[in-house]
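Both complexes shown next keep subunit A, but they swap its partner, so subunit B is in the first and subunit C is in the second.
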Partner chain A sequence: MTATDYAQAPTPGVSARKREKRRAVRPAVYIVKKLLALLLTLFVASLAVFFSRFLVPGDPARFLLRGRSPKPEALEEITRQFGLDQPAWEQYLNWLSGILRGDWGRSLTYRQDVSDVLLGRLPTTLQLVALAAVFITVLGLFAGIVASLNKGFGDRFILITLTAAGAVPPFVAAIALVALFSVGLGWFPSFGSGDGGWDRIWHLTLPALALGITYIAMVARVTRSSMNEQLLREHVEVATSRGLARGSVVARHVLRNALGPILTVSGVLVAGLLVSSAIIERTFGLSGIGQLLVQSIDRLDFGVVQAIVMVVVAAFVLVNTVVDLVQPLIDPRIAAGTESR
Partner chain B sequence: MTLAIQLPQVGLRRYGSLLSAMAWGALAVAAAVVLLSLFASVLAPYDPDYVDLNNVLAGPSGQHLLGTDALGRDLLSRLMHGGRTSLLGPTIVVIGSTVLGLLLGLVAGWSEGWVGKVLGRLFDLLFAFPALLMAMLAIALFGKGLFAPILAMTIAYVPYVARLAQSLVVAERGRPYVQAYRVLGFRTPWVVLGRVLPNLIPTVGAQSTLNFGYVLADLAALSFIGLGVQPPTSDWGAMIEESRGALLGGYILPAFWPALVVVLVVVAVNVIGEELSDRIGGKLS
Partner chain C sequence: MSQLLQIENFTLGFPGRPPLLDSVSLHVNDGEAVALVGESGSGKSLTTRAALGLFPGGSQSSGIVSVQGLDTLTASKQRLMELRRRRASMIFQDPRAGINPVRTVGDFLTETLVRLDGLSRAEATERAVTQLDQVGLRHAKELMDQHPHQLSGGMLQRVMIAAALLNSPDLLLCDEPTTALDVTTQAGIVRLLREEQQSRGMGMLFITHDLNLAASLCERVYVLRRGEVVEQGQTQTVFLTPQQDYTRQLVEATPVIEVGGLATPVVAGSPLLKVSGLSKTYQLPRGEIITALDDAGFALPEGGSLGIVGESGSGKSTLARLVVALETATSGELTLRDVRRPRRPLKASERKVLAKDVQIVFQDPYLSLDPRIPVGNAVADVFRLHQKQGRKEAKDSARVLLGRVGIGAERFDARPRALSGGQRQRVALAKALAARPRLLVLDEATSALDVSVQAQVLELVEELRDQLGLTILFVTHDLAVVSRLCSELLVMHEGRIVEQGPTARILEDPGDDYTRNLIASRPRPLWDAEPVTA
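The block that comes next holds the complex of A and B.
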């Protein structure tokens, strides 16, 4: 993605000369600003995650060794490993430079590098989140579009269903889906992630649905209200009066304009999916980073917990930045500053 | 001292009489659940921890209205007692985050200079930590139970309230009544706390009501994965976890009742919260 991409989209109401000027400065400034904000947020977040350990009173070596035998040699090893005899800011710098170099410390439970443990678990979580994202996009957009195009009973019915679905916490959805489709009908497995390929998808279907239910409802509601707003606009009326087919009016003139608010929520969505996957993976016995997080809390393996928290926060901030950067491409008015989000 | 100008006060009273039938229903459900939980020790037919191995996984009957769980414990009694822990957490979180959020939002919205900007950045940063993630980090630090997640979620929900309060205060600051007070020489704290704050309460209240539902669901989820309320204390999330074995064996009821109650309460709270925000006409994020 280059700076000129931003300027190529025509900006209505701006003269050619002004557009020329904007091409020179604005997109670059916009991108740099967003990237600086990204770095700043990541930096402050890393401070918060690292120094959270200092909130616990008492000896840090003993805190890190909770639930394990506090033998002198173990205390010595942990002191050396975490550099506990150094000043706090030096510990932080070591930790940060380690993370940047890919050295995430060692897991006390697995006796392995944290990065190896994480990498081994990452595919399952990514597949689960990706499948959930597919469900959210397809079902959420579909329900929202259908609701906004059907006034009256259909709209009300979908809206009430969405209100109810949005109030079902993922873990309750998981239990309900297992009760219905695993125990009741026997269509889907209730445990494990299966072998690769279709078997994997078959195993991940119920977890992904449970994980996505809140966001399916959220995306559907945002789509519905965003489309309703667009349907009343003049350009849609013009398009309809020009005799364009209903389908192409909706796709090109309504949906495209309605995508902005939907994209805006996707940062929250990704972070929410990653966090909720902790609960869903545990319920369905999937060995992803979500289950690893819960296990590491259980087994008092704080280094792993810190790493996972940092990964989720980074994912959230990254997705938000990407959304901010992509949005002007989809909706040139944002780059031109003529329409606030 | 009396003031010559009578200024309109915006309060909940103006909206209270106009609730829809659905909102009244939601209010009734919420009230019933709160009362049954509050007076559980008087109303519950059995001791929630009384194990009766001769009466395991019984269906609903005259003796056990909702049936029994895998240890023969009365489900209705456990639900009622579980309501205490399940409702206490969200109540503390919502009160704490509302008070803190209002204060920070007032300061951020009122101060035009760098204080507002720095606070705004801080709210942005807090948004990057999902509440459930913060709660899990806190549990990793301070141990399992209710204390750590309640503390973490109170902080995690502050920006939701504070950001809203900040934008409301910025809007209020420019209105004539505030300028009138300023011209008349009233002290800033009096104007802000006495006159601006009451105008924020309805909108912020609607947001906090919605937050209650989210917090309840998240705390129940934590208990469900064994990080929150610890057994044998009854809690809706923990009850669902305890009944998973029975569920896989085909006994749905022990998991169904607590799941139903959680969903009912969250729906009720959402309906009330959305009704309030619709009445007020404020836009919630």
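The block that comes next holds the complex of A and C.
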């Protein structure tokens, strides 16, 4: 009897073809499910965003008139102009169908379309967040990897530094960075968002660092612990025992396997990044949506507030859906439903 | 004949603690198969890893570990990597943990060829496919694109062996390569290893805790205990005429199939447990239906002992869990003491009543005891719950019972972590017995233990069975263990009962092909086996 008899292998023929088909169908179903979940989340979020306005005290129409005591007719006129006299659910439907057509309504304070107000500010914020994301990825991964691979002093030093950095509020970090790099060394500007291209990046470096510092600490910590967990795995020892160089082992077997948790945490961090950008924008005098959000809440400019919150929610949900869709590519066991980490 | 692996006075330990390995000396010649036998914690894995220059972080070592003249204790990183790439390979215990789960089988096999030998991807793939064919895997091309979770344990271990053979090593190190596998799968792997070792003329160092396995594969053996070599020599000599007490104990503790000493089946008495047409199916999220147990039927008389034998996935654990109501049957009848089991999850009150009659002991005592509860309290709690004893009375009862299973009063307040595996399993047993059950279900209760500890626990169960008149349902993969403990036997395969009857009859004259295969798969010493025809 040869050893072959004992080893089973996928049976060819009909069942194999069936399996092929199922394998092709399953990812499609998975993606469709995730996208449906995305739409549902956005719908629920839109309900929450729109109706929370009615929980806030104050009449937007009155605010527009800046405390002057208006004639009742004038008040009514403004109320009608902004559609505030209709029942709440009808306002909601109008608002929603408007969004779907690309019409976000009119801003009460700017007397402009909300989309125009937003589009003027959105690029700055997106660039700021994108640059911060680059810093977070590069510095966070780097610190985490170095900490995990250098047990003892290196690890402890980085860990303490990270704990300290994680505890620094963004505005304190902003002031410290400005004091050091703009006022002290004069390397970076402390104000404004610059003209396009490199000048923009140069202007945004300090804000992005200040914005990202807490998140760098978080990503580094997750990277470190996730890698530490993988380093103990037997497959890493197997790879080492086969004569692979340390670098290959770390890149192909440790970091590669540690990516899952890192990605999940990064997805969750996105929302925080968009929200804390408000503080940073104010500190560095950038006109982005974060600053706009704070101003608009102050002025009861509901159209703008709702639009910004929807954008933030959409970005958050979208990023996390992408993370969910990427996970099976990183760990094939998730797609098979047999994942057991 | 030159010495391939030579270990001289090798000592390894952590500063400030007694050494883990103490002056270990052993050697492997070219083309020779040598076994390193020892129980857990004996240092056999450390010794083998040292041959590849893999030392635990922060350890201190002295002596010589030389592979073809290269001392791994002093060699440079570059030379060590050279050694691992060209001259020595290692096969690890658990292929599921040892092969990166997120990469494909093909990637695992070809990564050394592509990165170290500079082969193109196509050349590397071709060589890997040839190697997979050679280790007995069919459809090797398709396997290359699959991920480890899509393969069975036996297939994965063949992949691991193929990877180890890819660079044609002179020395093959095997660290318990079949422990995580079923008996019939183990037989195939052992045959493959023997064939490859013989045809390639490789030297092999084979680590195992299983003496029978060592005898079936290796000419020479070293017995390791607490980091010291206690005995060495020709396998046959060491096993048949052991010189040291420890070796003698080990040989005696190793379970063998004995048909002679079996208790005669209990015929009298009404059945305590009666099962008919019992089935359990699970539906996977994708809609597939898995039949874990299919139409099982048997009766277990009061005071009887029934062994359920099968491999992983045979449904034996499902059956045990159904008996103790951890699962609910999909169809069929289960009657315990003339009470029919309702086909729904039991209510808490019903479960409490049932627990007085049936208790279960699980496989892994490291997981089945609460790490925060002192063992004495754990047992006393059962007395309070089921015997309605007061706090003090329960403690006294617990002390007596623990004494009876061999846990002294000084251990009463110890937490499980302070106890050894065998002691923990005794505590788990005491916890089950404290409810004074009529039926004791043992689900692989000795599989995670060392042979010598397993022997003690089995002895204890035997003693308790005879003294308390316990009825026993023993679920295991090991025929030898069953032959010692159970008068009736039930063999399961793929969810079905393929054979049942008196243990002696089944072992002597198996009626089913699968049972025959199972018995034939038990490792047989080289000196007993017919000559290997490759």
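One rule holds for everything that comes next: the second predicted complex is superposed on the first by the 291 of 341 C-alpha atoms of A that agree within 3 Å, B and C clash if a C-alpha of one lies under 4 Å from a C-alpha of the other, contacts with A are read in each partner's own complex, and residues count from 1 in each chain.
Operating definition for what follows: contacts are C-beta pairs under 8 Å (C-beta built on N, C-alpha and C of every residue); 3 or more make two chains touch, one makes a residue touch a chain.
This one's a predicted model, so the numbers in the text were calculated from it and none came from an experiment.
A.B. asks: Is the number of subunit A residues in contact higher for subunit B or for subunit C?
C.D. replies: B
A.B. asks: Using the superposition on chain A described above, determine whether A:Arg252 touches subunit B (first), subunit C (second), both, or neither.
C.D. replies: second
A.B. asks: Applying the touch criterion given at the start, work out whether A:Phe316 contacts subunit B, subunit C, both or neither, answering first, second, both or neither.
C.D. replies: The answer is first: A:Phe316 touches subunit B but not subunit C.
A.B. asks: Who does A:Ala271 touch here: subunit B (first), subunit C (second), both, or neither?
C.D. replies: first
A.B. asks: Examine A:Val305 and indicate which partner it touches, taking first as subunit B and second as subunit C; both and neither are also allowed.
C.D. replies: first
A.B. asks: Please work out whether A:Ala239 is in contact with subunit B alone, subunit C alone, both, or neither, and reply first, second, both or neither.
C.D. replies: second
A.B. asks: Return first, second, both or neither, reflecting whether A:Ser296 touches subunit B, subunit C, both chains, or no partner chain.
C.D. replies: Touch status of A:Ser296: first partner only.
A.B. asks: Intersection of subunit A residues contacting subunit B with those contacting subunit C?
C.D. replies: The answer is that subunit A has no such residue.
A.B. asks: Once bound in the complex, which stretches of subunit A touch subunit C?
C.D. replies: Going by the criterion above, the answer is residues 2-4, 6-10, 12, 26, 151, 233-235, 237-245, 248, 252-253, 256-257, 330-333, 336-338.
A.B. asks: Any idea which subunit A residues touch subunit B in the complex?
C.D. replies: Counting only subunit A, the residues touching subunit B are 41, 44-45, 48-49, 52-53, 55-56, 163-164, 166-172, 175-176, 178-179, 182-183, 190, 271-272, 275-276, 278-279, 282-283, 293-294, 296-298, 300, 302, 305, 309, 312-313, 316-317.
A.B. asks: Using the touch definition up top, name the residues of subunit C that touch subunit A in the complex.
C.D. replies: Residue positions touching the partner: 49, 52, 54, 57, 81-86, 89-90, 92-94, 97-103, 111-112, 115-116, 135-139, 142-143, 147, 149-150, 152, 154-155, 158, 160, 163, 184-185, 187-188, 191-192, 195, 284-286.
A.B. asks: Over in the complex, which subunit B residues touch subunit A? Could you list them?
C.D. replies: For subunit B paired with subunit A, touching residues are 124-125, 128-130, 132-133, 136-137, 139-142, 213, 217-218, 220-221, 224-227, 237, 240, 244, 247-248, 250, 252, 255-256, 259, 262-263, 266-267, 270-271.
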